[in-house]
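The following pair of complexes shares a single chain, chain A, combined with chain B in the former and chain C in the latter.
Let's turn to the complex of A and B:
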């Protein structure tokens, strides 16, 4: 099993190394850029007045977006070569489909550590080079851990979606779209026409996913590298 | 010991236009089994179903005694597969492809793989996607052979290859088979190529098996009979008539299956004289089998 794991890791690296390099550059640069920008926009009194937090908050939305992009792209590259060859090579290997998928899942998660380590390093360098006002603290490790969690979540979701055929993926995505779009249009219309109070499936699903203990809760709240 | 491949009542449907109907075949261990059929007959689909790549609708499949798809990984560890089109990731180099295949196949023979690579003149640093068609065919055969399989399933492995490459690939295959006694299941529409190497032949047409016989029985049992006159109808022949008609010289000609020399008496009693009994080569047999199968179907 060890040789298969090593080989799968090698394949994953080969299929996504340029993407990982680009992501790593962005991940290492973004925390530094956002801290520098906050210092620059805030002017001379930014450290004294504590306006640093407000300035950092204006760019904090980029981190969950970057985590989602990282997870999604790594998941797509995990299956890319298999899709291109019609999965024939994978299906001819003497491992079960579950085992193959788990090997791929593992390899993708491992290579995703590259951008995660980059964001952690970027956050650490950015905060280490800044003198923080009293009362504020830097959280580079927690920030990196949150990024990892968010990226892994999207990675696992997209990985599962992309593992099937294009038809399966379209069906699953289509069902979700119908549920969300249909729910958000049909429910208000029925409510206004018939004067009834319905439970919107869009709202229920949205809340289930994004509020605690929903899995996508990690994307909510503030993504501040520096906080009180 | 079980057969290398046992298929019973296999059925599969893809849309409205194509289906495999009640396909049954038996590939004896140690045989070289030619799986013949015209383009679109369903050879590749049958192979994909055998290997568990496509889910069948019905029937039983056993490969080397393993029930498919339940025991697929165990079976695939003992099977070398060459698909119709290259399946190795095109971005890998030849060296990467060999390394990758070796990691998953525990019976991989690295020394022999290197020997074959040199013999096939495959450059290690060349990307698989940039290999020529001939090189690609050689690489696929190399990968299948170096895992030292007990059964080779080859889907038109020489299709589109030039004669030199074809000879290299088939020589390597036959050397391996003579050394190990491995079973080969090879699909092709290049009938002459199979005629020289196969011990068994199965013919598939429009998704159903038309014939399955040892090749010598197939060839010796199917004859073209040229007659002086047209036999009188009403006599039931002791052989199967695959086709009958008149050739370019207006001679009554029958193609029959299950022929033996004493059967010439049938024509004597039917008022005709046998002018000539002609042996058919495999390609002619193949064409006649397809023709008669289609007449029965229609």
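Let's turn to the complex of A and C:
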């Protein structure tokens, strides 16, 4: 079992190492860039705390986006060569499909630690090299943990989608888009025509992002690297 | 026509021309006149169409608590009424008999030109703020009406913020934690008297010395005045008097915390005071602090301490959010992993 895990990890690394390198560079640089920018815009005077927070808030939306991109790209690279070779390789292995999928899931999650550790390091370096105005504290650990959870969630979602055929993935994605767009148009129309209150797809999506047990609640929290 | 004649005379004088050219010029002037006339006719037609539309609209008046919703009789109107009723139910107990102070407040979601006589009505329009939904629009209406009814000293003290029962205490906490003011720091550390000063419930002093030290005032001047202005010099050379003059020219020093924090204190007082607390704000009192204490039915110190406790509860806790997220993330990861393992390897062809 250990050799299978090692083999799968090696395979995953080979298929995604250049992508991981690029993601790692972005992840290590973005926290430093946003903190430097906030200090530059906010100024270094004693009244800078509020402006620094406001500026950090304006760039904090980039982190959930980066986490989502990281998770999605690693998940896609995990299944990329299976789709390219028509899953012949998987058929030749003496493991069950369930075991194979779990090995792949494990390997992808492990290599995703590269960008996650990079953003952790970037956040730590950015805050350690900065003298924060009074009243503010840095949260590089919590920030990195939030990034890890968000990236893992997107990774698992895209991984589950990509584990099927491309056709299945397209059908699932297409149905979701049609339901979302169609529902967003139809629900207000039905409400105005019949005077009833319905739950719109936008509300459902909003709930998923803002309340438990919505799967993407972690995206809705605070992504501030520095706060009070 | 006098203008047309003058233009004609000018053109004719400027270009003495043959009979044919003169006829062409006259035709052009005639056409200009016709354009102006047709524009006037078009405007008159639009006016009459708008008037006809106004007359055709069937207006419906719905009474919701103290509010009068005046709108075209549509399903949207009914839902607006529901939203306002739901929000008013949250405020009605606190308002108590004070509801009479806003009795007859008119609410409309129609554009003002639909009925000019209601130009002063409260606007219920979820669309104006983009994503703002009916509930939030109803909150805006109810809060605006209550704020407008406040005693003028309380309204001024709020610095433009509205009455609310759902204050953003997290933002107030951030404001208090980062304010560059000795009184705000003391308030942050739990000094009740300093909080009373910081919130502007007592006079900050002629030179705002109860809010700011001279250094803090200089920093504020440096922030609010452009470096090229003469007043900026006081920030560098440490001339305290010059800084005070600069701030007086800027209509005074900015309070250490803004209207949001003050609205949070008022919300806490109204909540503590319970039914009828809003009406008690109107009882004769020497200052805003006394009004707030009266509304809460207790001493100002107790209200302030309670408000500080609320702020501490609302402190943004980055770690706690991540721990909560972690638990549910593991559950969702397990579900998604299970989904992934259900796929089949037999997919060739």
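Please note the rule applied: the second predicted complex is superposed on the first by the 215 of 228 C-alpha atoms of A that agree within 3 Å, B and C clash if a C-alpha of one lies under 4 Å from a C-alpha of the other, contacts with A are read in each partner's own complex, and residues count from 1 in each chain.
Just so it is clear, a residue touches a chain if its C-beta (ideal position, glycine included) is under 8 Å from a C-beta of that chain, and two chains touch if they have at least 3 such contacts.
Quantities reported herein were computed from a predicted structural model and do not represent experimental measurements.
J.: Looking at A:84 after the superposition, I want to know if it touches chain B, chain C, both of them or none. Which is it: first, second, both, neither?
T.: first
J.: Of chain B and chain C, which one contacts the greater number of residues in chain A?
T.: C
J.: Give one of first, second, both or neither to describe whether A:11 is in contact with chain B, with chain C, with both, or with none.
T.: A:11 sits against chain B, while chain C stays out of touch.
J.: Scan A:135 for contacts with chain B and chain C and give back first, second, both or neither.
T.: A:135 contacts chain C only, not chain B.
J.: Where on chain A do the contacts from chain B and from chain C line up?
T.: In chain A, residues 86-88, 91 are touched by chain B and also by chain C.
J.: Which residues, counting only chain A, touch chain B once they are in their complex?
T.: 3-4, 6-7, 10-11, 14-15, 81, 84-89, 91-96, 99
J.: How about chain A: which of its residues touch chain C in the complex?
T.: Checking each residue of chain A against chain C gives 45-47, 49-50, 53, 86-88, 90-91, 97-98, 100-102, 105, 133-136, 139, 141-143, 145-146, 149, 152-153, 156-157, 159-160, 163-165, 191-195, 197, 212-213, 215, 217-218, 221-222, 224, 227-228.
J.: In the complex of these two chains, what residues of chain C are touching chain A?
T.: Those in contact with chain A are residues 75-76, 78-79, 173-175, 177-180, 188, 216, 219-220, 222-223, 315-316, 318-319, 321-322, 324-326, 328-329, 331-333, 336-337, 339-341, 343-345, 347-348.
J.: Show me the residue ranges of chain B that touch chain A in the complex, using the header's touch definition.
T.: The contact residues of chain B facing chain A are 51-53, 72-77, 81, 83, 85-92, 96, 99-100, 102-105.
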